[in-house]
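Each of the two complexes below includes subunit A, the first together with subunit B, the second together with subunit C.
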Partner chain A sequence: MFQLGRNDLLPLIEFADFSFKYLGADSLALRKVSLTVEEDEYIVVTGPSGCGKTTLCRAINGLVPHFHRGYIAGNVYVDGINTRESTVAQLAPHAGLVFQNPTNQLVTLNVEKEIAFGPENLGVEPSEIRRRVEHFIDLLELESLREKHPHEMSGGEQQRVAMAATLALQPRVLVADEPTSNLDPKSAEKILGILAEFNRKGMTIVLVEHRLDLIAKDASRVILMDNGQIVADGNPREMLSSSVCAELGIGIPKATQIYMKLEKRGLKLGRVPLTGEELSDLVEEASCS
Partner chain B sequence: MSFLEVFQYTRQDSPIHNIDPRAKLVMSIAFAIISLTFINIVPLLIFFLFLVPLIIAARSLRRWSRSMKGLSFLLLFIMVFNTLFSTVPNPFSHSIALTLRLICLMTSFSLFFLTVHPDELSQALIQMRVKFEFAFAMSMAMRYVPTLGQEAYAIMDAQRARGVELDKGSLLSRIRGIIPIIVPLIIVSIRRALSIAESMESRGFGGSENRTYMEQLRFRCRDWGVLAASVLLLLLILYLRFFVPLPDWVLWELPY
Partner chain C sequence: MIIMEDVHFSYEGLYTALRGVSFQINQGDRLAIMGANGAGKTTLIKHMNGLLRPMRGRVFVDGGNASSKSVAELSRIVGLVWQNPDHQLFLDTVEKEIIFGLRNLGFSQEDAQQRCDRTLSKLSLEGFGERSPFSLSGGERKRVALASVLAIEPLVLALDEPTIGQDARQKELLADLLKELNEKGCTVIVVTHDIEFVVEHFPRTIAMADGKIVADGPTRSVLSNQQVLDLCSLTIPQLTQTARALHRTFPTASERCFLLSEVEDAIVEILEGQ
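On to the complex of A and B.
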């Protein structure tokens, strides 16, 4: 479904000692961040507000340093391209960014035009644009919205259209910056479900999200940030049961919380659960043995 | 403001809707010029009777008549005002003609605006060599009008909740009451504009010299026909008006 294999030997995204300070800001937004993202990963980035998550996202598709200017040190490579040396538009087919506010991402008067907007900007053949529009309308279940004005859609529907519009550029990595924070729980769950589905189909995803309880089970890696730095990076089960989460005030899934309390009282379950089902299975195993 | 409805696009499937917007633009302008050519009741009435079937063909008669009803106060005002203050020999006849002319003019332009989707309009402009950025700015304005409206209401509610009285007091204090609405609205809009720009940039806006378009407007035979017919009609009317002595019945006026 997605294009693969352009620069297979390099990591998909590489931050090399990357620091950034916004013009007019007092402190660095990112401090010497080093990070590599490989093909097929589903990375969840979380941390308190102002920790640099959004700047990290912007650095992946070149908005930092081309749209938001400021002091910069180190490099970011996406698909082997140094983001300093290419424009945001040139990076668009490599890294797609979905934003927090769905209303501000929909700039045309109907869904078809919206999905076509990106490929049209890049000069893709009209017949190919038509194919992509139909493909993503189908994939994200937008058929009933086709002719609607963005104003007539709910937040969740708008965000789905925004995702389709970003995916129409056929990026190798989809970066989503808190795509669910303006949505009701049900729509949020739907959006996160779509992301997980895409990841299963082979799409690399970087997601900034607070509601770890909803996504911990899908993620392949969790990155905790604080004060412009990556403070912890590892698989979700390790990360969520570590003390760093508690220190940063990051909400962890209920099941993991219960697990940790049981652990404290001396009950060993062996594995860190991320969902209620996993927890009940582990408890059952423990009580049987 | 119900009379503005006649300039608002409505989605319909009609022969008028299907004409290419460029041909329709020429047609509307030709009709408008024709409306301005005469200042006598009879020719304007004939032209009006010619326009009404076109409105019917666009399946917009109801919307059109609603607009005209909304406009009736203004029309009446024009009629009375002109009858009383005009210096022409037969002011009553003259003012009726003026009113008819305004109706014809509005109907001519509404044939365009009622039936051209904003997207079609911007695509037409692009294909008429207007820069994409300008045409797109226009369609984006259409896109964000309802959003801004909603925002304005939210700000009004917020200010009311803090005790700002927006609909009380003298005219002056009401005008002053606009300030606490306008200032936050501008600030919010600037922020929104930045966020929109970020999103557009991320999707390659302005990235390629050779922007493509999923759909291009095509000028078909029918559109050439509409174009030719409009221009011919205009030329014919102009010829009749300026080079042929008009018969008496055309210049007929109400008895004074």
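On to the complex of A and C.
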């Protein structure tokens, strides 16, 4: 699906001792972050608000340091490209970013133009642009909004448009900063379902989220951040049942919380559940044994 | 405290956002307004401080018809915290931002300063006073927007999606703060999709769909009605999902659990009861 000749020996994203401080800020937003992301991963990044999650996202698509300026040390490579030596536009087909605040992302006068904007700027064939516009209007259920001005849309509608516009770039890596925060739960579930499907088809996903109840089941890896650093990184079940989450005040899925409470009472269920169904199944297994 | 009678509203006569909304909110209520995207929730709370005026129907605030009061007068009574803090914040330091509203409402510089300091510490924003709101993270900016309204100490506090961008600890702190204000007599209204936040902290829920109220009552009964959940595009929280899944396998376990301890106890009973 994604064919952009690349060096398969390199990781898709690599942070090498990367630090960043926004112009005028007193402290570093990222402190010596080292991280590699391989193709096909679905990474959920979480941590207390203000810990550097958004800066991490911006560093992947080049908004840091090219749009948000500041002090910089270390390097970020995306598809083998050093983001310092590239432009945001050159990075666009490699890494697409869905902003935390959709109002800051939407630039055109209606949904069709918004979705076409990215591919047009990448020089995609007009017939292919038309195909993508229709495809993503359909996929994200934007038909009724087609002619609406983005600034007349609700926060949730804007988020769906921003997601469509970013997916239309067909990036190798989709970076999404709390992309469902303004959506009602059913719409959020739909979008997360769409992202999981893209991941199965080979798109790498880096997603920032506080609501792990909704997303932990889709992730292949969870990264916990605090104070500009990565403090833990690994398998979702291990990460969410670790003491680090409790120390940072991260909201872990209720099913995982119950599992941990039961464990404290001496009731072992064997595996860490991430959803209600999984917990119920584990209780069933335990009651049969 | 707030009464709405058959309120209708449409934007530029094109898009109808409210189609006959009536309810009464009493002083000291703590309630949530829930509903799908585009149901009219934000439009509704904008009628409470006069930012929008009904095209038909009437709004009463603190005993008087809102139509006879200016936005400035109503803002003293009803403090509205917007969904997107960037639509609210505009000054270059957090402290100026908070003091601005207070000075406009006639508080002395000294009083305004005291209220500002008090509010910053309540919201774990100590040390942020001199910083620019625009250098803060999304979650922190939301707390600054809340602080600027909270400092006015309005009789009614209406918050649009206050939990967006907040981590679990900040959400707990926010819930504690809202409860504390509520116990002191402040009426607290939240518009939110966060069903767990509502179930844990708000005794009354108004559910909206397509510009109308479809349910208004105790949170647990409103949110255990599947028809209401469907109309409002809400999904059941993971705790209730767990309870329902357990109930399918173990019919003795209740499927109507809303608290973590209830589900935990049900599992203990299943595992130890054999």
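We take it that the second predicted complex is superposed on the first by the 268 of 289 C-alpha atoms of A that agree within 3 Å, B and C clash if a C-alpha of one lies under 4 Å from a C-alpha of the other, contacts with A are read in each partner's own complex, and residues count from 1 in each chain.
To be clear about the criterion, a contact is a pair of C-beta atoms (placed from the backbone, for glycine too) under 8 Å apart; a residue touches a chain by one contact, two chains touch by 3 or more.
Source: prediction; values computed, not measured.
Trainee: Going by the contact rule set out at the top, does A:Pro253 touch subunit B (first), subunit C (second), both, or neither?
Mentor: After superposition on chain A, A:Pro253 lies in contact with subunit C alone.
Trainee: Touch check for A:Ser86: first (subunit B), second (subunit C), both, or neither?
Mentor: Touch status of A:Ser86: no partner.
Trainee: Is A:Ser242 touching the first partner subunit B, the second partner subunit C, both, or neither of them?
Mentor: In the superposition, A:Ser242 touches no partner, neither subunit B nor subunit C.
Trainee: Could you say whether A:Thr103 touches subunit B, subunit C, both of them, or neither, answering first, second, both or neither?
Mentor: both
Trainee: Touching A:Val133, do we find subunit B (first), subunit C (second), both, or neither?
Mentor: first
Trainee: Have a look at where A:Lys261 lands relative to subunit B and subunit C in the superposition and call it first, second, both or neither.
Mentor: second
Trainee: Tell me the contact category for A:Ser287 with respect to subunit B and subunit C: first, second, both or neither.
Mentor: Second partner only.
Trainee: Of the two partner chains, subunit B (first) and subunit C (second), which one does A:Asn75 touch, if any: first, second, both, or neither?
Mentor: neither
Trainee: From the superposed pair, tell me which subunit A residues show up as contacts to subunit B and also as contacts to subunit C.
Mentor: 101, 103-104
Trainee: Please give the residue numbers of subunit A that touch subunit B in the complex, ascending.
Mentor: 61, 63, 66-67, 87-90, 92, 96-97, 99, 101, 103-110, 112-113, 116-126, 129-130, 133, 147, 149-151, 162, 165-166, 169
Trainee: Inside the complex, what are the residues of subunit C that reach subunit A?
Mentor: 11, 35-38, 42, 83-84, 86, 131-132, 135-140, 161, 164-172, 193, 195-196, 232-235, 237-246, 248-250, 260, 263-264, 267-268, 270-272, 274
Trainee: Inside the complex, what are the residues of subunit B that reach subunit A?
Mentor: 11, 117-119, 139-140, 142-143, 146-147, 192, 195-216
Trainee: Give the list of subunit A residues in touch with subunit C in this complex.
Mentor: Residue list for subunit A touching subunit C: 22, 24-26, 46-51, 54, 100-101, 103-104, 152, 154-157, 178, 181-189, 210, 213, 248-255, 257-258, 261-262, 265, 267, 275-277, 279-281, 283-284, 286-287.
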